[in-house]
Amino acid sequence: MRELELYFGPQHLGMVGNFSITLQVEGDRIVKATANPGFLHRGFEKLMEQRTWIQNFPLVCRINVVEPDHMELMYAMAVEKLAGIEVPERAQFIRSIYLELARVGSHLFGLWAYANMLGFDTVANWAMYHRDLILDLFEELTGGRVYHIYLWPGGVRRDFPEGFEERIRSTLHTIGSCVPDYDDTFFHNRLFYERAHGVGKLSREDACRMGAVGQVLRATGMKKDIRKTEPYAAYDQVDWEIPVRTDGDAYSRIWVVRDEMIESVHMIFKLLDKLPKGEAYQRIPNPFKWKIPESEVYVRCESSRGELGLYLVSDGGDKPCRAHFRTPSYSHGLTILEKALENESIADVGNIMISLYITAPEIDR
Amino acid sequence: MVLVLQILFVSILACLVGLFLIGLSRKVTARIHWRYGPPLSQPFIDIVKWFSQTAVSHGKLFDAGMIFSLTGSVVVVLFLPFGGICPLSGSGGLLVILYLMLIAPLGIALSAGESANPHASIGVSRKMQLAFGYELSLLMILLSLMTYYRTVSIVDIVETQIQAGWSLVQLPLVVSGLAYLLIMPAIMGIRPFEMIQAPQEISSGPMAEYGGKFLAFATLQHAFNIYIGLSLFVNLFMGGGSNAGYFLIKLLLAFMVFQVVHAVWPRFRIEQAVRYLWRWPALLAFIGLIIVWVTTS
Amino acid sequence: MTKKSGKMDRNNIGKWFKSPGNMGQKYSLHALYFCTGCGIIEIPPTITTRWDAERFGVIPVATPRQANLFLITGYVSVKTLRYIIRSYEQMPEPKYTVGFGSCPINGGMYWDSYNTIKHLDKYIPVDGWIAGCMPRPEAVFVAVTHLWTLIDKGMATGYLKYREHYAKYRRNQEKILGELEWPPLFSKEEENEKSREKVAG
Amino acid sequence: MKLEILLAVFFGGSLLTYLLGKISKRARDILAVLVLLFATAGITSLYGKSSTATLYTGFLDFPMVLSIHPFAWIFALTIAVVGLCAVIFSWLYIRKKGRTDFFYFMMLLVIFSMIGIVLSGDFLSFYIFWEMMSWSTFLLISYNRGKAIAAGMKYIVMSVAGSLAMLVGMISLYTQTGTLVFEGISGSLNSASSGYLQFILILFFVAFGIKNAIWPLHVWLPPAHSEAPSPFSAVLSGVLIKIGTFGFILLIYGIIQVQVFVNLGHALFNVRNLLLLLGAVTILIPTFIALFQDDAKRLLAWSTVAQAGYIILGIAYGTSESLSGGTLHFFNHALFKSLLFMVVGAVEFRTNGVRDLNSLGGLIKKMPVTFVAGLIGVCGLIGVPLTNGFVSKWLIYHTLIVNHSPFLAFVALLGTWGTILYSYKLIHHIFLGQLPRKYEKLQAAPVSMKVPMIFLSLTVFVFGVLPGLPLHVINLSELGFGMEPLAINMWGVVTGSGSIQMLNIATALILGGIVLWLFFRMGPKNTRADQMDNYAAGAPVPADRYQYSVKFYDPLTRMIAPYLKDIADNFYSALARGIRNAGNGIRRIYTGDVGNYALYIILFLAILIFIQLYWKVW
Amino acid sequence: MKNPGKKLQDELRSMFESISTEGDGENRMTVKCRKEAVITMLSFLKKTGFDHLALISCVDRLNDNVLELVYILSSYGGDVAMQKLNILLKTTIPRENPQFYTATEIFGNASPYERELHELYGILFRGHPRLTPLFLEREYDIPPFRKDFDTRKYVKDVFDQIPFVDDKKGRT
């Protein structure tokens, strides 16, 4: 009997990001899946040890291309904690708004990837269009479409420009007005249910055992969100709910993503309403001479894929001694994916992979 | 001589119509996506490009299968009435068409098998299973037609319809017609039955190893295939056409319906597709066959 | 980049008859879908609603056999390089390579990383570059129009260069990746090269 | 030539071959072929003749009659040709194995006893030849020993049961009519009651049905086919099981007239409908079962069962077109199925006995001629236009549709689509895909295997383009049965409701192919790529592990598997288990499954006889 | 429970010898222990409710000539105070020929972290079921994340040594 070894990625139309899964296939079923990461390994954490505290900002955002903003936040928060810098309240609010916009953008990108995977071209195109609208906001605010370098130790790089709040509102209204269309064509589509229901199912015990976070965990019915447990920025200033589903399959995960997107939009409106006046940043010491005393810190936040952490060590110099990002895709992509793919159909590899929301650069770093 | 001219006319026109429909499909899909879309001539440009590229061949059968497949498609076109023109009407009828329609997928299957790529084999396997899925209904539908009209000749069926009205609106056949509408996307290989190529799943399946003129041939074959699928429907259920123009309008009408379906649905998994095809369309087709059988005996 | 490069002559029937090959290549650039780096984030916007590259005949395709345009989107790690070479060699000729972003040009941001190669054109020929980190989708269009000009003038001949200097490229590749698993693509050229070197040496 | 001399030469030649083998192997091989060549020539020379000769009269006062008529002629010729090809094929195939003299002797004996059956003019000689054939077949099936013995036992036990049924039928006929000569019986059965005829039909149905492997009686066939030596499998599948078909035609059209047969019994419950139903089931279920097979010969064996269903459908339907279709399909099936068994045999020969589809692949690069032969055989099996299977299937479908039996036509057509699935599986798994490294040094099939394969492929193609040749002979035999022949010409058939012209189809396909080939040549030249230079998502292709063959139709088979068990086999086994639990005595007498099959068939017959004797139901 | 950290601190002190804890006990708590005690402590902490292994990291202390392993744990279940608390479990192993015990038996997601550390720091995790290369394609003399591995020198020695393929015709 001849076994079949199929490669899903890196050069594969269903693969989002540079990642590879080696599949042992028997008939239509996957017997064993082996994740093969490392195509995007650049040794970021090594490179960070050779750059000064401020020079690292352009570097950290490039770790995750889909959602660079949470990476910036992590690094900014870690540096603030190490150096003991306070952040003004307005900056906290701006950070929250900015991060939630990034979350919506990232989720829309995920929606593109997922819909495209299932062959839902129409929805995929719409989602990408709406993400572009959010990128336009970013472009106006920061000057960059993808990489922004906007968050800064001690606040944000610049305050909102004139009338920006209104433009955020109107953009979100535009996107929000299309939610019924998305629901009709995609989320309430019978075929979406057929394709995703019961696929890549994870029990809550399995998910906890293998270190699931984010919507993979929330889709198994566990209400866990770092924004609630350990609030940062301005997340404790407004009311919001954690969307949860109980089935633990691809269908639940995508629904959690959708609900989260809507929750984020509502949150942005609430934050905009409460946005206080004041300074948006605090001065930091001269970056060329900036040294941080010997200490270490572990900070974490909720990125659009789950718990994102940074373990940052300073040895008293002008450069970090060690930085280690704890990325949500790491466990999802290297442990959970291999388990979830077992005994599934070949047709569902991409389906499961994208529903787990795996982003390759996060794993490889 | 007239016959030769007819053959040339029909085959070339079918090819052009098929390519035009591919272009139109891309344009219409783009518009549903809120895009501008490629020019209507894009399929022609692609074919010119493919013919100017070097291609990689995996063996004699890799070439021969492709030619075999396209030949099959061209010959089927000659058996289908094209608004009153049917060059090879006298030699077979529906049963022959049914069998000739086998040649095209068989050729691709052989050629893809020779490429030694499992993606291609998976694609072929899916095609075979999908075909098995829709043939169940298609055979019952065609049998109900043949039983109703008491002939196996498609020309006779078209002529009867021109006098007596479309099959689609005749009472005993309306159920079969509905079933045909349901399986039509599967015959044409468009969504939600696009799992044969499924680029996101199995890297365009049988096409995985095709490049250059092989891809050109595959696209031409696809163009013929679209024409055949639509033309069969139009001839059998929409009364064919008394002349070519009328026929083409009907063709376009049927095409637009399926194009919208194509644009707003995702793909089935193959077993879901077969299960669906064996459930509703097969049930309808079976009821239709029983109705026809009872009413005509 | 000249101003002329933006001109589109898709509807110029005369040109179609004069050089159908070039015209076909120009207006049907099928890009290989390969997310080599973070540049891939700007490819979905390029091919979807907002920018719609399909207007110009640029669509992503699944396998290298079907492609004639290779967009190297972003930095190239050593592990990816092997797959890039493999995919590039499988593409039918004529084929064009465009380096997208600063990183394939000279390493960009990762100039001191131990795991990314710095100059992509040491390993495979590159017909055009798009600078920037990240380049905007419009830049892809500029690159495409520039590639049109090059094709028109017969200057997009990276694949010929690869064929001619295959032995050198192969040697560079093997220096980084070790022994490659697949036999040389153009064995004859390599032998020629070796014999020429022997004579010279 | 006189029939007696022909038969004498046949059997004398067989014996001589056996004896010669003790002296010289090569001479024996040549003699075997010469005898078969003589047989072919002799039978060919009898074309168009109808004659009857009494061979011997003294045996218990029963005359032994030999007769030849166009209908017997086409069967005899097919047997001789397929036998000839198989014997040439076995030259090298059998050389490596032991007991070769015995093999040749049995092979010739089987072939000539089959010819004897079709040439016999009375039931006594029919029965004698029948038994000769059964026993020599048994010896050949169990030739390989091991598992083959069990397969052979299964066959012979069922065969004996069938013979018993036939014997009972013969005795009953004799008591009814007082003669065993076909013509005599036919003449005196006119006055027989409908019930009696059905009784006779069912008895003979058991006998012929077992040989022909009709659905609930097919259980012996798959193991027998897969275990027998390949050249004999070709004979077994191509012609031997069709002796049952011959019997059916002889009984229905030759002895009981077809008009009588069609009108037998009640409106719905009669032997004809039973046969049609079983024919349909025989098409459908084995087709699905064949999808699951991983053994090449077992797959072909199930396919043989399914194709027998078409023949039964054609014969039992009882119109002249359906009889033409059925008979033509027998003829075609003999050609392409023996061809396919030879193809598998050649592969088996070169790979040292590998028949497992999942471990082969890519052999087209090493055995191109074998592949082409296999492809043509498979096309014939599917019925792709330009191969012979197309015409015969078309005739069957057409008559079913025109005569208002759409459901039977549906089953027949659906069976064809199932055929495509398993045929492609066969071709793909053996010849296409990635070539394993261990077969890189494989040699092409030897000439002595290529020649019969090429010859049979040519016949498949020629009779596909010129269906008029066999149809002409079939028309002659239909005239002999007193039926209205079809309106045929060299290229096809003309009927009032649709006609078929292979001339147009062939011209269109061949010309179209040439034009497109030229068009294809116009493009830039191809470069050849090795199988390792292949798309694998950018990775190097893993050697030996890049072939999709295990569970090829996995989604489909997973779906239908729960509904599709071999009901017949399970039925016999379950009954056997029940009986076994009831009494240990039976267990001692009948060991294994085989015995049980026989037991139940015999019990069934006994009950039939009992009912007939006491209540006279029919 | 107002401050789970404090209680845990006491518990740990009573159970394990020679450990030191620091931190506010509300959000972060650092526990240092000998390397033999790590695996026991991990399973104890998991039982106590810290069942989420967030990260296994490693710091190269070139001056002390040790590698410092850091296990960061948090809690899935438990109340809000418990969920807030992150435990940084630290231990040191020698830089030369570093070996350690695997935690794959305790935490399902420890496997890739250990593979990564094996690759980037050269730490051998004994008992790990699949210690195969994860990220890297080339082999390095010194594991690249060690402090004494100079990437800039490496780039100069390897990548910059490869010549451009020049073409007389000056084609792109």
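Order of writing sets the chain letters: A, B, C, D and E. Residues in each chain are counted from 1.
Just so it is clear, a contact is a pair of C-beta atoms (placed from the backbone, for glycine too) under 8 Å apart; a residue touches a chain by one contact, two chains touch by 3 or more.
Predicted, not measured: the structure shown is a model, and the values here were computed from it.
Asker: By that same contact rule, can you tell me which chains touch chain A and chain D alike?
Answerer: B, C
Asker: Would you mind checking the shortest number of contact hops between chain B and chain C?
Answerer: 1
Asker: Name the chain whose C-alpha centroid is farthest from the C-alpha centroid of chain C.
Answerer: D
Asker: Point out which chain occupies the most central position, where each centre is the mean of Cα atoms.
Answerer: That would be chain B.
Asker: Look at all chain centres (mean of CA atoms) and spot the one farthest from the centre of chain B.
Answerer: If we average the C-alpha coordinates per chain, E ends up farthest from chain B.
Asker: Please work out which of A-C and B-D is bridged by more C-beta pairs in contact, and write that pair.
Answerer: Most C-beta pairs in contact, of the two: B-D.
Asker: So what's the Cα centroid distance for chain D and chain E, whole Å?
Answerer: Each chain's C-alpha centroid was found; their separation is 70 Å.
Asker: Let me have the rounded angstrom distance from the C-alpha centre of chain A over to the C-alpha centre of chain B, please.
Answerer: Going by mean C-alpha positions, chain A sits 44 Å from chain B.
Asker: I'd like to verify one number: the distance from the centre of chain A to the centre of chain E, where each centre is the average of its C-alpha atoms, in whole angstrom.
Answerer: Their C-alpha centroids are separated by 23 Å.
Asker: From the mean C-alpha coordinate of chain C to that of chain E, what's the distance rounded to whole Å?
Answerer: 40
Asker: Mind pulling the residue numbers of chain A that touch at least two other chains?
Answerer: Residue numbers touching two or more other chains: 4, 10-13, 15, 28, 38, 41, 43, 46-47, 50, 125-126, 129, 345, 364.
Asker: Please output the residue numbers of chain C that touch at least 2 other chains, ranges allowed.
Answerer: 34, 48-49, 61-65, 77, 79, 82-83, 87, 90, 112-115
Asker: For chain D, jot down the residues that touch at least 2 other chains.
Answerer: In chain D, the residues touching two or more other chains are 533, 535, 537-539, 546-549, 552, 555, 558.
Asker: For each chain, which other chains does it touch, given as pairs?
Answerer: Pairs of chains that touch one another: A-B, A-C, A-D, A-E, B-C, B-D, C-D, C-E.
Asker: Flag every residue of chain B that touches chain A in the complex, lowest number first.
Answerer: Chain B reaches chain A through residues 29, 32-35, 118-119, 122, 191-192, 194-195, 198-204, 263-272.
Asker: Okay, in this complex, where on chain B does chain D touch?
Answerer: Residues of chain B touching chain D: 7, 51-61, 63, 66-68, 70-72, 74-75, 78, 88, 90-96, 98-100, 102-103, 106, 109-110, 113-119, 121-122, 124-125, 128-129, 131-132, 135-136, 139-140, 143-144, 146-147, 150-153, 156, 203, 208-209, 212-213, 216-217, 269-271, 274-275, 289, 292-293, 296-297.
Asker: Once bound in the complex, which stretches of chain E touch chain C?
Answerer: Listed in rising order, the residues are 135-138, 140, 144, 149, 151-152, 154-155, 158-165, 167, 171-172.
Asker: Name, in rising order, each residue of chain C that touches chain B in their complex.
Answerer: Result: residues 10, 16, 20-21, 23-25, 27-28, 30, 48-49, 52, 54-55, 57, 61-66, 68, 90-94 of chain C touch chain B.
Asker: Applying the document's contact rule, which stretches of chain A touch chain D when the two form their complex?
Answerer: 1-5, 7-12, 15, 20, 25-29, 345
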